[in-house]
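Pasting the structures here.
Okay, so chain A shows up in both of these, paired with chain B first and chain C after.
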Partner chain A sequence: MKKVLGFCVVLGGAFCASLPAQDAKKEIQRYRQMVAEGSPAELFEVEGEALWKKPQGPNKVSLEKCDLGGGPGVLKGAYARLPRYFKDADRVMDLETRLLHCAVTLQGRRREEAAARVFGSADRPSEMESLSAYIAAQSRGMKMAPGLSHPKEKEAYAMGRALYFHRTGAWDFSCASCHGEEGKRIRMQDLPVLYKPEHARPVVSTWPAYRVSTSQFITLQWRMNNCYQQMRMPEPDFGSDTTVALILFLTATGKGEPYRGPGTKR
Partner chain B sequence: MKRIFLVAVLVAPSALADPTPQDVQKLMQRDFHARGQAGMDRVVQDGLQRLCTESRDNPPAGAAKAIEADQMKTIVLPEGSLMGDWKRGESIAQNGRGLQWTDKPGDAAGGSCYNCHQLSPQEASFGTLGPSLRQFGKLRGNGPEIQRYVYGKIYNAKAYNLCSQMPRLGLSGTLSAEQIKDLVALLLDADSPVNQ
Partner chain C sequence: MAGPMKMRATLNGGVTDVRVLMTHPMETGQRKDPDGKLVPLHFIQNVTLKVNGKTVVESQISQGISRNPVFTFRIKGGAKGDRIEVSWIDNHGETNQTETAVA
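Up next, the complex of A and B:
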């Protein structure tokens, strides 16, 4: 009996159909915890480190001098303080937008080339995904503290909040159409109410993440893109003010939570 | 007088005004691009979307009534019976595709019903954003009046509840009249699993 129970725990309850729904949920949580201790995200972190140090583009330099907010090449705690305002670009940027900026300004790459394949596949992750894993991992244990003091940061936050409640598209959705009320779900997927701090905190502290169901590493830029696809909207530009404003609004709502990603998602 | 004016100018910008729906739309028109069947016309709000955004889905009663009446006029009931085939209705309710930039234009879309509603007891994976529709017809009968209501509600949910989160599945071109009739049968036919 004990052995059978252990088997259930190891497989995360997937083969224990007799478990009631509540127990199954607990089992999934336990499985997540186990996976978090030896996460597949580490593989992406290793790949990301190699990419960070690899000379690329016409200038044949690496990204090691890229300033993510704490000074050129400073990675420790950088992710926890994004998005934020960057004086050299005179705009608010999230991690991926900043990485693209560095690929252009440091490595001399064309923006179109560097952004041609920002979302990867299970077989072949994108540069952006691996780099995000590597950089985010170096903020573990640090409190999420995006920039909220510069006028452009305040402006982006207010725009992010307005975007969250803006109803549009072929199906009249806003973000709040799905993420607006507590205790709701789509099919079996629970929906966090992301304008509430208690819901936003566990979310923003675990992105970017490895997604088990598709064997892909996914980033917040991907999340915004995929939500707008499901909202039956046209596609937001990668790194646009719209996507950065939303990411800032969500991160600011969950601020103060210690970062414990890259996480694992369903 | 001049000094007072200066002080006012210095203080005013610190009170950052919230962006209006017009500001948000302008930004989206700059930041989005058409892809596949998802064109940029979708970024332009209609009056209903604008009013629901401005009021956070709590529109003033008078304005809501007027636009609801306009929405009601969009509903075109097909001739003859509104009850299609509940079996086809079930697969339309299961299907969550359609109108996305990844969907092939011309392919029949689904209604995404199970994303938000409980329907047949056999399907345990249902969402809860909308009310449960279990035994919908068993509780309400399936006469001509309820058929017209169900058809109209699926065609344009906003005619009945202006800021409802349910898409206008007929008006938006997501579902055809035949498909909506199949969904009417799924909800109302006495043989449909919904009513077991």
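Up next, the complex of A and C:
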């Protein structure tokens, strides 16, 4: 035993580190489980419900009449069927893009004003984040089934797929640079290969999510925005065709998985 | 105004499990804002749990607890329909409370 220990010291990292790393992975999984059981995501759901029903903007109306695809005000299962094509806007929209659309059309708010603070901070979460939590929660247990039949939906899916693999920017990165090979990770975070259904399914079924390390509720639009930032690319517009196409591609790849979010991330 | 709280209480084999979520910044007093000024201490000081109006847990906590904390209490006994009340008071004197029935 002493000899083996001595060996460890001499060899240092390579040989000995492999064991603790696996243990750490198991421990991280246990930690995630514990965190998920009492997730503050629920607090955002409560906040989101109040915001959904709160009259705002020049028209002094709430978002309750917002059509998320199933008809005005239908929330049950709405998130599981997004992103999808909306006839009134003549484009494919994801949840947040649609909410922004409703804030403008129903509440009469200016787009700039409604979109001024879409990503909140731990001290002051944004409206969009709480609303996403509330609406996504109404799809729990339903299978993810984004729109894929309308020509515009097909077009957005194809664009999302192309963007996923398209290398560009100062560092010549694409999404696939990090999310393109199995077994890669950043620190202890495994990187899912998001064009493969088995990797995309657990991802799309748990977003949006509460992020423990930053005490923030984060949305898929934020994820896209932040990935672009990490790739040193210009910041995409909130609800732009680019981000919606990527979200549709991602959701379509993971379709069929029952929704069990809003999740809890590290 | 204090943010929302959420609580659930379930009876499992003679033990009542109470899980409660609170919205609170829980500032440690050590963090600096973007201007370099210290963010003042702001944390929950006392948490009280009552069962049917009778105080069962009285606790003092400090700034070492995370933002938006979650607490779990396990209470011996209890019956379905028992009223559980949890309240907190922070160092600014702000308070919040919530109640639920054991399910």
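Definition applied: the second predicted complex is superposed on the first by the 245 of 266 C-alpha atoms of A that agree within 3 Å, B and C clash if a C-alpha of one lies under 4 Å from a C-alpha of the other, contacts with A are read in each partner's own complex, and residues count from 1 in each chain.
To be clear about the criterion, contacts are C-beta pairs under 8 Å (C-beta built on N, C-alpha and C of every residue); 3 or more make two chains touch, one makes a residue touch a chain.
This structure is a prediction, so every number in the text was calculated from the model and none was measured.
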Practice item. Examine A:123 and indicate which partner it touches, taking first as chain B and second as chain C; both and neither are also allowed. Key: second
Practice item. Once the structures are superposed on A, label A:178 by its partner contacts, choosing first (chain B), second (chain C), both or neither. Key: first
Check your understanding: Does chain C touch more residues of chain A than chain B does, or is it the other way round?
Key -> B
Exercise for review: State whether A:47 touches chain B only (first), chain C only (second), both chains, or neither.
Suggested key: second
Practice item. Identify the partner contact of A:194: answer first if only chain B is touched, second if only chain C is, both if each is, neither if none is. Key: neither
Exercise for review: For A:155, decide between first (touching chain B), second (touching chain C), both and neither.
Suggested key: first
Review point. Which holds for A:166: it touches chain B only (first), chain C only (second), both, or neither?
Key: first
Exercise for review: Would you mind listing the overlap between the chain B footprint and the chain C footprint on chain A?
Suggested key: none
Check your understanding: Can you list the residues on chain A that touch chain B in the complex?
Key -> 151, 154-155, 158-159, 161-163, 165-174, 177-178, 180-181, 183-189, 191, 228-230, 232-237, 240-243, 245
**Study point:** For the chain C and chain A complex, residues of the former touching the latter
**Key:** 3-6, 19, 21-23, 25, 66-68, 70, 72
**Study point:** Contact set on chain A toward chain C in their complex
**Key:** 37-38, 40, 42-43, 46-47, 50, 122-123, 215
Review point. Can you list the residues on chain B that touch chain A in the complex?
Key: 16, 18-21, 23-25, 27-28, 30-35, 38-40, 42-45, 48-49, 52-53, 56, 99-102, 114-116, 125-129, 158, 163, 165, 167-168, 172-174
